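Provided herewith is a single structure, encoded as structure tokens, for subsequent inquiry.
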Amino acid sequence: MADKLSHIDAAGNAVMVDISAKSDTARIAVAKGRVLMSAETARLIAEHGHKKGDVLGIAQLAGVMGAKKTPDLIPLCHPLPLTSVEVTLELATDTDAVDIVATCKTTGKTGVEMEALTAVSITALTVFDMCKAVDKSMRITDIRVVHKEGGKSGLFTAD
Amino acid sequence: MADKLSHIDAAGNAVMVDISAKSDTARIAVAKGRVLMSAETARLIAEHGHKKGDVLGIAQLAGVMGAKKTPDLIPLCHPLPLTSVEVTLELATDTDAVDIVATCKTTGKTGVEMEALTAVSITALTVFDMCKAVDKSMRITDIRVVHKEGGKSGLFTAD
Amino acid sequence: MADKLSHIDAAGNAVMVDISAKSDTARIAVAKGRVLMSAETARLIAEHGHKKGDVLGIAQLAGVMGAKKTPDLIPLCHPLPLTSVEVTLELATDTDAVDIVATCKTTGKTGVEMEALTAVSITALTVFDMCKAVDKSMRITDIRVVHKEGGKSGLFTAD
Amino acid sequence: MADKLSHIDAAGNAVMVDISAKSDTARIAVAKGRVLMSAETARLIAEHGHKKGDVLGIAQLAGVMGAKKTPDLIPLCHPLPLTSVEVTLELATDTDAVDIVATCKTTGKTGVEMEALTAVSITALTVFDMCKAVDKSMRITDIRVVHKEGGKSGLFTAD
Amino acid sequence: MADKLSHIDAAGNAVMVDISAKSDTARIAVAKGRVLMSAETARLIAEHGHKKGDVLGIAQLAGVMGAKKTPDLIPLCHPLPLTSVEVTLELATDTDAVDIVATCKTTGKTGVEMEALTAVSITALTVFDMCKAVDKSMRITDIRVVHKEGGKSGLFTAD
Amino acid sequence: MADKLSHIDAAGNAVMVDISAKSDTARIAVAKGRVLMSAETARLIAEHGHKKGDVLGIAQLAGVMGAKKTPDLIPLCHPLPLTSVEVTLELATDTDAVDIVATCKTTGKTGVEMEALTAVSITALTVFDMCKAVDKSMRITDIRVVHKEGGKSGLFTAD
């Protein structure tokens, strides 16, 4: 494990880490997250879940688009050409939650964890936006990286 | 409480809710969130906390800028002229967490919860980005609205 | 009818027309357009039309988001706070076409025709994108303003 | 020809198609479109056509910039580094129309039809914006791909 | 004159200044700047100066569009609806320079100096971009505010 | 040295230069610039210079983010994946100026001077924004390229 923060140089300046000398390798990252809500809100989402215009479908698309905006949002992220973004949502009616999984891929000099995490975050925010008229007490939670491969740091998996 | 989702019309189309007939009133929303991390990561952030270029300062600025991008990120959010965005971060060394609070204000026809929640989310993602070289197991959690005032729906507070 | 182009001044400079002295009035604009396609493509869209993740639902959301980007895309358009964006798509199976209608509203100093036209255009492009693997000969056509009200120039309607 | 829509997976989720395994090849796409207008509007454009600040020059630049925004506008488009964008406009005074041609190139894993079509669309919208004070009945029409080469699907040409 | 920096609060946090309580007033700001170049470069610009597609016309349009991006670029700037943006360029052949003037207006709670300065900066950068193949030694210089009116701080003029 | 402007074709159209046939090489560009201010303003910046939330740290981050927006801002710039952006600021208390240096790198088909120049410009504008409440007479000056390497045109250095 590194013993210092990679984005701050010796003089205390924020830097976009210099990846010029790195080689292009295949990269994958998977992130997860969850929106907790009332039973009533979960029921409303479920009612719409198989029709067009459903909450989960709209949030899913927002997540895909959000992944592409990552370098615009996260100051020290490198711009990189995503080759795949996949976002899935599942309504867990037993726990009154929407579970979100985002998988991003690229062939490049740096990883795509931030892209996957951003996709999950924007997806979750969009679920919130669409349900907030009926439920202001929702909670976005447990956003984390569960899988990362490619590059020098190798494979990382978590739950 | 409303009994249906506001962003989907009778035909199943996603709609940006028509707020044309609403009057302009002062609006405030406060959102909170938290990034959980290892003790070691919290220690590294603390070491840099009073110097320029620190993690918290960079994440804070990203959050302010993120609030302004809300209508670009959340498909059915209305564009609105924010009159104030304030983001604060606090390192809770006892619990190894960074606590984030974002307050947004506008004078307009609709609320600014999504702006405050987006500010918190982008702030949290930026903390993650800056620390991920030392800690891939961080977790962004408990993003929620804690205060909302202005508009017809009146005051909402939570913890 | 004006006898000169409003966006070019006497010296030949492109200008964003000065609307500072105009008063804020309610504005509405409706634009329409159409994507022509093969019978086979229309059939594929129809098959997915009532499920989540359908072509028309995705294109519809893209159109709503596109409307918000108008001042970013059209050089001399004023930024303005849209209070409503509504996009509807209908698959006309008899003519193998997708018909698109976009309605935009604001209270402001200038009209929202460009926002409605941009919504229709981005919607149509998204239909094209999603079907181009099966049909490269689609054609986006008949994009025009059919209704405009508010402001000094008054009511305009067309078919 | 494919028998299904490429952007929707088996579960009905919208996906950015996974192009990770594709090789980088030279790609070209050409799209065309047209803006129909009154004889009077065509005359006004012609009068300005050889001076600086002309309608066609401004619309052309908007089209070039628009091509670069394609992945921001079309939800499931991949971001890719365009190596060339060329937009030309011609005023067809006999038919009172502006004819638009856009050519985009890249070396990448996917084609650039959407970039060329977006360039044509934004160019056409900008012509509309600059002339709408004198002519609200313009019509943007016949936007289509006329040439595509590179990649596995090979050469496509149309008129 | 204020005796402290307005964008940093007592705790050292960067803040978007809270303008919620300010009233909407008419605001104007004018900024100027200059691009110094070789005599040869100035001659090349002059040769194209009265034709379409000229350097100055393209840079002018980039400046107008740049003004609209100000809140996206300057972290603590408020988003505001510009009601007028005017950019003019003049080739000073005696001094081998391009002189740029940008005027921005709004009716709002805060001034538009940053919008005018951003317009000048993006205009200057675009002149540089278009001439850099023939002249890498250009210099962008003397960007400043020359006029500001509206709001509590009153009239400011400079040269 | 070229004898014509590269971004305008024979017919007077603005073009994004076709770089399709160029090979990918390592590219570096360094740009510099300066913000002149009153002695009092320089003193205020210095007072905050070693704390978090300082003017220079915020401006530095804005510059890094600005570099990534270059193709969005400069009409005929190619989009390219920056592999490094570094911005440093130094307060020259003897001359009451902030000196800015930006270094950009990529591996690509075209140079990154415009990215470095844009980083300097946005950094300078952000310094201006944060100090304008105390000093409206600041001046952004001497923005230029001081180093460029990579690509066919070879090494360029200046002061």
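Each chain gets a letter, A, B, C, D, E and F, in the order it is written, and its residues are counted from 1.
Following the convention adopted for this analysis, a contact is a pair of C-beta atoms (placed from the backbone, for glycine too) under 8 Å apart; a residue touches a chain by one contact, two chains touch by 3 or more.
Since this is a predicted model, take the numbers as computed values, not measurements.
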item	value
Fewest hops from chain B to chain F - one hop per pair of touching chains	1
Shortest chain-hopping distance from chain B out to chain D	2
Option in C-E, A-D or D-E whose residue-number contact pairs overlap B-F by over half	D-E
Label of the chain whose CA centroid is most distant from the centroid of chain B	D
Same or different contact residues where chain D meets its copy chain A, judged by the half mark	different
Centroid-based (C-alpha) most distant chain relative to chain E	A
Separation of chain A from chain C, taking each centre as the mean of its C-alpha atoms, in whole Å	30
Chain A-chain E separation of Cα centroids, rounded to whole Å	37
Approximate Å spacing (C-alpha centroids) for the pair chain C, chain D	16
Touching two or more other chains - residue numbers and ranges from chain C	9, 11-14, 51-54, 57-58, 60-61, 65, 69, 72, 75-76, 81
Which chain pairs touch, all of them	A-B, A-C, A-D, A-F, B-C, B-E, B-F, C-D, C-E, D-E, D-F, E-F
In the complex with chain D, residue positions of chain F that touch it	9, 11-20, 22, 71-72, 75-76, 78-81, 108-109
Footprint of chain B on chain A - complex, ascending	1-9, 11-14, 33, 40, 44-45, 48, 51-55, 58, 61-62, 65-66, 69, 72-77, 113-114, 117-118, 121-122, 124-126, 128-145, 148, 156, 158
Residue ranges of chain C touching chain A (in the complex, touch as defined)	49-54, 56-58, 60-61, 65
Residues of chain A that touch chain D when the two form their complex	26, 57, 60-61, 64-65, 68-69, 81-88, 105-107
